[in-house]
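Across the two complexes that follow, subunit A remains constant while its partner is subunit B and subsequently subunit C.
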Partner chain A sequence: MKGKGNFIERQGFRSALASIIAIAIGMVAGLIILLISNPAKALPGFVAIATGGLSNMKYMGQVLYYATPIIMTGLSVAFAKKTGLFNIGASGQYMMGAFAAVYVGVKFTGVPAGLHCLLAILAAAVVGAVWGSVPGILKAYCNINEVIACIMMNYIGMSTCNLCVQQLIFDRKKNQSLQPVASAILPKLGFDKIFVDGGAPSSVNAGFVIAVLLGILVWVILEKTKLGFELKACGYNRDASKYGGINDKKNILLAMVISGSLAGIGGALYYLSGAGSGIPVQEVVAAEGFNGIPVALLGMSNPIAVIFTGTFMAYLTQGGLSMQSYGFPTQIVDIMSSVIIYFSAFALFFSQTIEKLYKRSKAKRAAAAQTGKGGDGK
Partner chain B sequence: MSEYIIEMCNITKEFPGIIANDDITLQLKKGEIHALLGENGAGKSTLMSVLFGLYQPEKGVIKKNGEVVKVRDPNDANALGIGMVHQHFKLVHNFTVLQNIVLGMETTRHGFLRMDEARKKVVSLSEQYGLRVDPDALIEDITVGMQQRVEILKMLYRDNEILIFDEPTAVLTPQEIEELMKIMKGLAAEGKSILFITHKLNEIKQVADRCTVLRKGKYIGTIDVSNVSKEEMSEMMVGRKVALKVDKTPAEPTDVIFETQGLTVINKEHGKKVVDGVSLKVRRGEIVCVAGIDGNGQTELVQAITGLIKADSGSVILNGEDVTHSTIRYKNTHGMGHIPEDRHKHGLVLDYPLAYNLVLQSYFEPEYCTHGFLKYDEIFSYGDSLIEKYDIRSGQGGKTIARSMSGGNQQKAIVAREIDRGPELLIAVQPTRGLDVGAIEYIHRQLVAERDNGKGILLVSLELDEVMSLADRILVIYEGQIVGELDPAEVTAQELGLYMAGSKRKAVSAQ
Partner chain C sequence: MSTMNLIIFIVQQMMNFSVPLLIVALGGLFAERSGIVNIALDGTMILGAFTGIMFLHMVQATGAETGQFTLLAALLISAVTGVIVSLFHAYASVNMKADQTISGTAINMFAPAVSIFVARLVVGVQQVTFSNRFIIDSVPVLGKIPLIGPMLFQRSYLTTYIGFAILVVSAVVLYKTRFGLRLRSCGEHPQAADSVGINVYKMRYAGTLISGALAGIGGLVFIIPTSVNFDANVSGYGFLAIAVLIFGQWKPGRILFASLFFGLMKTISAVYTSVPFLMSLSIPSDVYKMFPYIATLIVLVFTARNSQAPRAEGIPYDKGER
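Right after this comes the complex of A and B.
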């Protein structure tokens, strides 16, 4: 009975199955909403959101492009979660990271191409880490709830970012930041040749590859290293970690620093894409930060799963854009994707249900086998 | 009319995967004290929950006075006159004794409380059964022994005929235990019938008339206590011969391995000294036991020694080196082992696999870690070796999540880890709390073996039996101070109890 064992007994299979069921139910619920909103176009609209991300090569590329920043913020939230912290401050870290990257991208002209964009990413990581370290210090040394500190750091980050963009790298005509110079733009890695539709390439670039590699790196850190062992131990039981000689305060701070730098890199990867969008000056906390929360939760804080859930969320975003061409208002599109996402959160529930049902049927079979045997004996 | 006031006949209760009660019969005579004896997990609690209506049995019936009755829920049980003193009291701390007793069945007129009648009844009951309590005292101000009396009065106030005591002596001092035994006998003499759940054989010998023994969910037998020895009872309970007395030779202590000098801890909230100038020494090859009633500073003393909290003054010296301000990691790696009081809070990362927990203080050592990467194969094979050596039972070996293991095996895992690290000083705080005779015997043997290996053992225990049988020297702690140093060979349990209660003290020599 060793080795692979029964298919259903394997954790990975069960989680995947549960996620698929959850998403399917979410889809059905979404379809009902579309039927209520506009029965005539419900079906084509539904097909659009469900398949929009796959309808042509360019859109597939766009899915990966949209996925890049939310994979990063998802990793940020997931990493903190593994350490027992709720980093709801990914937005602030993301925005500050974006600013740092764009600032380096705009101002540090004359740096060789490859180095320039690495430098910009590094700056984003450092600034994101600083932003994450504030709630980390408060949590570790003053026991101040990191959720409150993180939320406040989001607003401080938003305003600081706006102020800095306006003062230092402002494009007055577009009310957004200037574009990074060409040497700071992430290389395309040939993606612009693959993900093309009718001559128009998608915006996907090396950023997606970096996000995936960082996801794998985070997984390795958490699962294979001494650092991960300590961080997770602190997350599960701070007292026992302390008893075991682990410096709990240092680890909490470190977790927030790493978490913050991941979110910061997310900001860099999005705004160094060369897709033409600058950091907008607006009084709104960046949605990419908050989207990291469902991405992490759907992935059950597993960094590898986060790569997939981030891509899934981006797929819905792209599908939503396709759906708009059928005349659905953006609100309906948003409701639809929200419904699908929150049904996806039932994945854990389904996973447990599958396990329970499986165990029950197994127990029944075992009981049947036993009475059968008993009958033979008599 | 039947000879028995309550009978549980052929009770079978199954849970998925296990049969908690397998065809168990328990018959309680009117006016007797009937002990229910069994190890942890033997099915005592399940059986009592069935009697209380919390579980419905698959098979079997409950009879009162020979007639079959249905107990669907605790209200039915109450209506049948069944009352219970739980191990953890169910009292409202900022209510008075009287308010707690009437809680749930207050006498009212036009919606207003009528406490006078209740007071009269409570006073007369407490006189009748010798349960002296002040009806107007707040629960939080009275001792644990007093609180237990309140629980007993609650049952009497409800005119319960059948009284269940769930491990009532676990929280009491020897004097309080003595008085409880008297009270129980008095209740029985007045015609109440008592079910006494315990795994302490002395107490059964002392008060019980008959005793029913359960083992692994099965009924082993019912005996007349007067005809059966303690050894025989423990054999029935465990299923094999058990050494009740710890087998040890006199200590041969050598040089001092550990000492504290004037260690003081001040509570941040109320500013009192919870540990007050404690100076003690532990030599190699001896077991020094800090005895005391719970809450007299033992927890803080140990935490200050190990570094979990900071001492406000005084020093801690390990192997000749001042480690007062050293990190926990430093102490862990320089000869201090610690079996913590709270195994769930400090002892284990419950959501980690067993093997990880077994390297909780050593995962960073070169055996288990290179260049920042953990060597999982080594960690798991070390885990397997400890599991085998110390007989830790777990569903999936080293991969078992610690949370899913039984309390006894969790404790064994901690003991295994701490002993196997080979510390020169082992601090063991209540190492056998909540464990059954078999596991206790095992852990005691390990501690004595470590002593004989030339290690120093600092034992903190609330169990008098454990103190008396394990210690080579006893230090009594009362309100944060060491109030007596006693030789277990000379002192009686009664005298020790007086020290623990603070009514006796003597100057402590430096040694």
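Right after this comes the complex of A and C.
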């Protein structure tokens, strides 16, 4: 078979098609729920979900704004998964990264504008990496399952973040962190001129561009470098890669460090957006970290696909906000997303079914051609 | 508060944290021993707690007396809910041979969304309230035993004893019955199990459904002593239960130890304000909140040298493969 022969014969196309089937099923489920809860408004509500993210330029911008942190945590989870690690600790890394970025953003006044926000992002990357390195070290050198260490680090991160925010950068009135100074806010890159509706610009900023560039960078690291090859080899078979001369311990640690820094940067990009939200002091592990898991899974841990799935999930979030005006709770969108993710687990099955159907029709055509030929030869 | 009373109080509180963890971790044990990683425990707990609390809310709304029998009925409803939820996980993991973290994650997303949605539809608001009339002041006879009586049999809940009963039954089922042996063999080497005529698919379904039932019960057991309403979450206890399961090295006895340890740490971090010595240190409360998690990591460093995870967990079983 030629590598670039028929569409359906290509693995990538089949898995994309499988994802589209999952999305379609999720959409239908959403429609059914809307019909059950309020038949009269179900259709406009559904249209709002499906098109809300495109209905005006501001909302389009908001989609990219919401996408930024979950692309980053999605990349974090995906990167670890390629190395055979389940980074369920992106939440903790995200929160600690957010704290580091906001701390630098609030305290380091007088640093030139461009440098300031880079410094803040760097701080987030370092702190996120430190938070990710703990499960990495424990996994590599003490043989502690990374899932348990990550869960513990999430809670430790939550409390540490609360503690540090309250002690160092607290806005008592709002029960959240202070706002970073203007020089630490990510530049708008003219997005505030493009994504505007009626004079109100959306919150999208350079953060989205950074997330996309990092997604591409992660892809390059994984697919085009020796490091990426070693990391993936460890993921496929730790013992075999060790036998092949790869330092498995170093690679596990490195994978968690990079994964943690990606999640940490996610926290920085969200809280340096200048949209006015500070880090809230609450007894809840940040949802953005957990939302990275479905983003990564839906993108089959491919960094480029993660950019798209993150944007897609953000698109549904914005659609849900648009749908609220018809009196539906936003949870309907979460239900839809969960149905989509559930059926994305069937990708293998869908892909095999498509292949089977295709082969059958091909065989049938071939058989028809055969009999046709036979007829001619008479 | 005298030291004695303090210890009694801590043990009573500890049970509220430890027992749900114990039940849910045992649930996880059944799934993982059969070869299925059930990361959906948190979502299953949420839905189990939701239907159970919803039932209590409705019964109490009619003005009927709710006693221990109502609680048992609610537990049964939670268990059935858990079974139904885990059917989806089992179908994806066993029949579809899917990546088990995906369907688990989907259930974890689905559970809070659907419970808020239904609560708003039925009750009108997100929080489902209930009144806690299930505390047992003193168990007859047993409550009178000195020391142990006040600790374990006064101001306690029926669910605590159910939790320990589940522990005993689980250990017996897993290690002393034919079913248990078969279940464990499917988690270690499904091909070998299949070759001697064990239906791996059936066993994995059984493991996952039992885990669903226990997670559903665990959700309700967690909410009743610790809250007055249900707000679509169980404070991440499903994830903690997974941690307890790993901490407990996939063995019932060690899981009991792990959940008691974690419950004790959690209790200390919650009740330190009642201990004059700890109060006098004036350490921020967030430090105490971190304490259980840091302590767990430290204990793990010293105990988790060799992992006892079931060999075939998380790997879909395909009859055609060797």
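Going forward, the second predicted complex is superposed on the first by the 338 of 378 C-alpha atoms of A that agree within 3 Å, B and C clash if a C-alpha of one lies under 4 Å from a C-alpha of the other, contacts with A are read in each partner's own complex, and residues count from 1 in each chain.
Definition applied: a contact is a pair of C-beta atoms (placed from the backbone, for glycine too) under 8 Å apart; a residue touches a chain by one contact, two chains touch by 3 or more.
Quantities reported herein were computed from a predicted structural model and do not represent experimental measurements.
Enquirer: Going by the touch definition up top, name the partner, subunit B or subunit C, that contacts more of subunit A.
Expert: Subunit A has more residues touched by C than by the other partner.
Enquirer: In the superposed arrangement, does A:Y358 touch subunit B (first), subunit C (second), both or neither?
Expert: neither
Enquirer: Go through the superposed model and pick first if A:A149 touches only subunit B, second if only subunit C, both, or neither.
Expert: Once the two structures are laid over each other on A, A:A149 reaches subunit C alone.
Enquirer: Kindly classify A:N237 by the partners it touches after superposition: subunit B alone (first), subunit C alone (second), both, or neither?
Expert: Touch status of A:N237: first partner only.
Enquirer: For A:F229, select first, second, both or neither according to whether it touches subunit B, subunit C, the two together, or no partner.
Expert: first
Enquirer: So, does A:L348 touch the first partner subunit B, the second partner subunit C, both, or neither?
Expert: In the superposition, A:L348 contacts subunit C only.
Enquirer: Can A:G245 be said to touch subunit B (first), subunit C (second), both, or neither?
Expert: After superposing on A, A:G245 lies in contact with subunit B but is clear of subunit C.
Enquirer: After the superposition on A, what does A:L163 contact: first (subunit B), second (subunit C), both or neither?
Expert: Second partner only, subunit C.
Enquirer: What does subunit C use to touch subunit A in their complex?
Expert: Spelled out, the residues of subunit C in touch with subunit A are 88, 92, 96-99, 101-103, 105-110, 112-114, 116-117, 120-121, 236, 239-240, 242-243, 246-247, 284, 286-287, 289-290, 292-294, 296-297, 300-301, 304-307, 309.
Enquirer: Mind pulling up the subunit A residues that touch subunit B in the complex?
Expert: 224-227, 229, 232-233, 236-237, 239-247, 359, 363
Enquirer: Which bits of subunit B are touching subunit A when the two form their complex?
Expert: Checking each residue of subunit B against subunit A gives 16-17, 306, 308, 327-333, 338, 340, 345-352, 356, 360-361, 363-364, 369, 372-374, 376.
Enquirer: Residues of subunit A touching subunit C in their complex?
Expert: 33, 37, 86, 88, 134, 138, 142-145, 147-149, 151-156, 159-160, 162-163, 166-167, 283, 285, 290, 293-294, 297, 329, 331-332, 334-335, 337-339, 341-342, 344-349
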